[in-house]
Amino acid sequence: MTPALAVLELRDGVLRKISHEVVTGSQRLGRGVDAVLCASGAVQGADQIGKFGADKVITLTNPAFAKYAPEECAQAIAERAKQGGYRAVIFAASATGKDLAPRVAARLGVGVAADITDLAVEGDAITVTRPVYAGKALLKVKVASQPAVLSLRPNVFTPVERPKAGAPELAAVTVAPGRVVVREVKAAPAGTLDVAEAQIIISGGRGLKEPANFKVLEELAKAFGGKAAVGASRAVVDAGWRAHADQVGQTGKTVSPSLYIAVGISGAIQHLAGMRTSKVIVAINKDKDAPIFKVADYGVVGDLFEIVPRLTEEIRKLHG
Amino acid sequence: MAKNDQFVPARYQPPLPLDKLIVQDGAAGAGDRMELDVVIVGAGPAGLACAIELAKLAKADRTALNIGVLEKAEALGEHSLSGAVVNPRALRELFPELGDSDFPFRAPVTKEAVYLLTKGVKIRLPTPPTMHNRGYYVASLCEIVRWLGTKAEELGVNIFTGFPAAQLLVRDRAVAGVRTAAAGLDRDGRPSAGAMAPNDIVARVTALAEGTRGLLAQAWCQWQRVPSENPQIFALGVKELWETKRPLDRVIHTLGWPLPTDAFGGSFVYPLEPNLVALGLVVGLDYRDAGLDVHVLLQQFKRHPLLAALLEGGEVVEWGAKTIPEGGFYSLPQRRAGDGVVLLGDTAGFVDVPSLKGIHYAIQSGIYAARAIHQNLKNAESLSRYDDILNKSYVATELYRTRNMRLAFRDGFYWGGIQAALMTITGGRFPNGKYRMHRDAEVGRRFSPDVRARSAERSDGISKVDAVFKSGNSTRDTIPSHLIVGPDVPGDVARFYARMCPAGVYEVGENGFRVNAPNCVDCKATDVLGPRWTPREGGSGPKYKRM
Amino acid sequence: MKIAVCIKRVPDSETRVKIAAHGKALDESGVKFVMNPYDEFAVEEALRRKEKAGTGAGEVTVICLGPAAAQETIRTALAMGADRGVLLQADKIPADPFEVARMIAAELKSTSWDLILFGRMAIDDYNHQVGALTAELLGLPCVTAISHLEIEGTQGLAEREIEGGIEVVEFPLPAVLTADKGLNEPRYPALKGIMAAKKKPLEVRPVQASAGAFEVVALSPPPERKEGKIVGEGVGAVGELVRLLREEAKVL
């Protein structure tokens, strides 16, 4: 039984946590899992990936891999996948994974079963589940490609420790120089995240008492590392505390973050129309009878000035 | 103004901004200029029927006519809303080559019932003769419009969606075309990066088919001082489309509860499919209680035993609202044709209230207008031919027969009901003469001291904001306000506006009176009773699918 | 400058999803179809590059794989200013994106393009790969999800968003690029553009789509939203909240 090949991801020379999810997810195929990554040299701590169930950890080395080199990396991984006769090649559906997976798949003559939230094996066939229509439906697909190339939606395959050997293998590879060259990675300019598009929205209402206190929400947003935007309830925008651009939709526009945190908003939810389609709603308010708790999936009653900083701490720990 | 004093909405309503609505052709301000033979404002049943008939006539005598239809919605049907039970007569005339089964109807009406409701009780009434619907079809106006649109495009008609006509272009006393609204303006009215300037569309004939309370039609009538015996009056209909767990096999109309006895109106419940039910409440805008809220009444109505079982476990899939011109025969403009212009459909007021029918009149008026336009373009015959055809047609005869029926109800439901019955029995001969009617805005209102009525604010059913969401409205928040508010809006008037608007555009809160213009679903109730409505950038407003 | 833009006809993002009786696809009755919003950025970018190239020096071809009704989608692009359209007509779009890429690549192969643009992903299937797969099949360099583009002769520079940063990428032309939001502000089709679109060439070519290696088993609604709960009171509840968000809700 040929194993699965889990493709790991590096950032600034360190293995990203999402790699744990990929290895964990690859276990579902019920065969062995080999992990592979492209790096310019040995990566500190790469062997730790054995903890999550990798039999082997293969580091393909080439100076070009000092940063993300799309074509070189794709070539190296595709060749290794072919060499090893792997049953499946599995990526994280991260920004890089979404770029790399199709390149590798095309070289293997197949498409990617992308952004999946579940996978199962029936006999020799692999069946995957993926959200479609902006999460309004789930599609179940039988993937017959050989090998199967899959990408896993982040934050779904919670890493589980099931230690295996994690035997390290270092292999220098030669690759043709790529035409697409990453010159640099710049920091995202602050505050450009549009409330309408953010994956995470932290909205503040009158409960914040004064405009300066929005700092508390901005700290929380920062802890999410660029994925979160700070929104404002209409009451607060009317009062001139926040810019109109921060106002979460009032006319029924669909604002669809995966996480919506309403802080100090009592239940003028009717002014925050469309946040109903948020995947998860969290409410923080000192009034336990506030109507917002009826709409929230999770609520915490109490003083937001104590709760939010603590939440910020916890999120920082997670994302660290 | 002391609390509970009567106030007259007209006092706080700005006048029609005529100087902004009528523009000399050639005036600066437009980007592109396009010339057509005929421009039709509004791709509803009247506008599209006119386009289709005109295209057919041109084809038959091999003239090449450049016909354009302007529609403010982003796609056909998105601003169309009606019950509806449709009389197929006009469609048969428009498409003599087709049979009823080819038309975009949902189901023929087989069973029907009329009820008088009180709270908790329903009393079956014999169906009034004006309301028989056998031989008619339950339909979605959105679907009819999309179907007509396909037919029109097959005939070479150009349909431009996303282009609201905002101003009339004129040359001396003649209408020369229209100027469309600008797009991409920010909150303060300044053009943003992707902005689009207004366009001038110049044509030999302009057909105004703007639907209820058409802005340009109002402007033209006022400008050319076209009178009508009575002012036009309106009702507001709020409608929901439900997917139900239980089936419905009949068309239902109700009178009575939850309307107060001094308001005119009723409800309809129509199955498009056994488990797809359109229901709505229609209330005349001359209601006396300033706190009356049609949307809230609809939410109450749904809890009546007549409906509660049907709706249990079901889901609202769409919500919408629209006004209906109710003045009938005496409220029609005395001329519906002028130099370079004709008025079609609801915009002219061709609606028969007692039978709740307007769609086939709209289509019929489009057909007649097309014939007159064709002769005008071909032989320079006067467009007044359109009026001649109309005046001799069944449209006029039928509207005349029921000319006083709605008006009788201004004296209240019971007395009105008796008068209406007498009118029916005498075939319209009672009473002779006509009832005088006030403009809706001239009817005095006051807030009822009834605490129960006021607490109806905290209603069951769906909130206005959720309702607007269900209308498909996704107008951008940063759009400039399209509503012209009077300079003085005292507290009671503001509260009246808040109840009047089904979409929650007007709010009275801690910070005073607030206008949430993007919520607007273009029902036009505001134009009748409060702040004046003007068109916004194309594609704004609701996106009805099967209303 | 010869530019190709590949577009897709998709259900409007506000569509209420109803599943067809056979349980494998969307019930399309009453569904409004539009051009994939990400493709609008691609079309707009193509038009801007054509305009930059100067009058008569650029040509934009729009290619779409879809059913006959997709002609309307192509007309929208023509109304915006594209010069010609090609509809690869197939009633069913294969579930296997590699098959889709194969058909599009076959169409593109016969011309030597300076630039080929796609939207980064389609809002119905979220596959996020057809552009990149097509590039590989054509042997062309590819940069995905670009939100900024500069072209100097045959050298290109693009920016793309990654977690916590912006990648700056250089590449040579000809190339395949997939467009992300922020690349530009798509123009409204002008009235004249809508009229002119009717006269622009739109070739309809029926194609045989093979099933590929993916088979749809079922399309189903997402799991019901569970009742909300108050996790706890005060600072002490935060730990539990975070745990639930991570493990139960899976949003962290």
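Residue numbering begins at 1 within each chain, and the chains themselves are lettered A, B and C in the order written.
Rule of thumb we're sticking to: contacts are C-beta pairs under 8 Å (C-beta built on N, C-alpha and C of every residue); 3 or more make two chains touch, one makes a residue touch a chain.
Just so we're clear, the structure is a prediction, and the values are computed from it rather than from any experiment.
The chain occupying the central position, as judged from C-alpha centroids, is C.
Using the average of C-alpha coordinates as each chain's centre, A ends up farthest from chain B.
Separating the CA-averaged centres of chain A and chain C is a span of 21 Å. Averaged C-alpha coordinates give centres for chain B and chain C that are 38 Å from one another. If you average the Cα atoms of chain A and of chain B, the two centres end up 48 Å apart.
The set of chain C residues that touch two or more partner chains comprises 14, 16.
Shown for chain B are the residues that touch two or more other chains, namely 474. In chain A, the residues that reach two or more other chains under the touch definition are 254.
On chain A, the positions that touch chain C within their shared complex are 68, 70-71, 93-96, 98-99, 101-103, 105-107, 109-115, 127, 130-146, 155-156, 158, 178-188, 197, 200, 225-227, 254, 258-259, 279-282, 288, 293-303, 306-307, 310-311, 314-315, 318. Remark: chain B residues 31-32, 34, 75, 158, 160, 162-163, 180, 183-184, 193-194, 196, 199, 201, 317, 472, 474, 538, 543, 545-546 touch chain C in the complex. Within the complex formed with chain A, the chain C residues making contact are 11, 13-17, 19, 26, 95-99, 101, 123-129, 132-133, 135-137, 141-145, 157, 160-172, 181, 212-222, 225-226, 228-235, 237-239, 241-242, 244-247, 249-252. The residues of chain C lying in touch with chain B in their complex are 14, 16, 30, 32, 185-188, 190-192, 194-195, 198.
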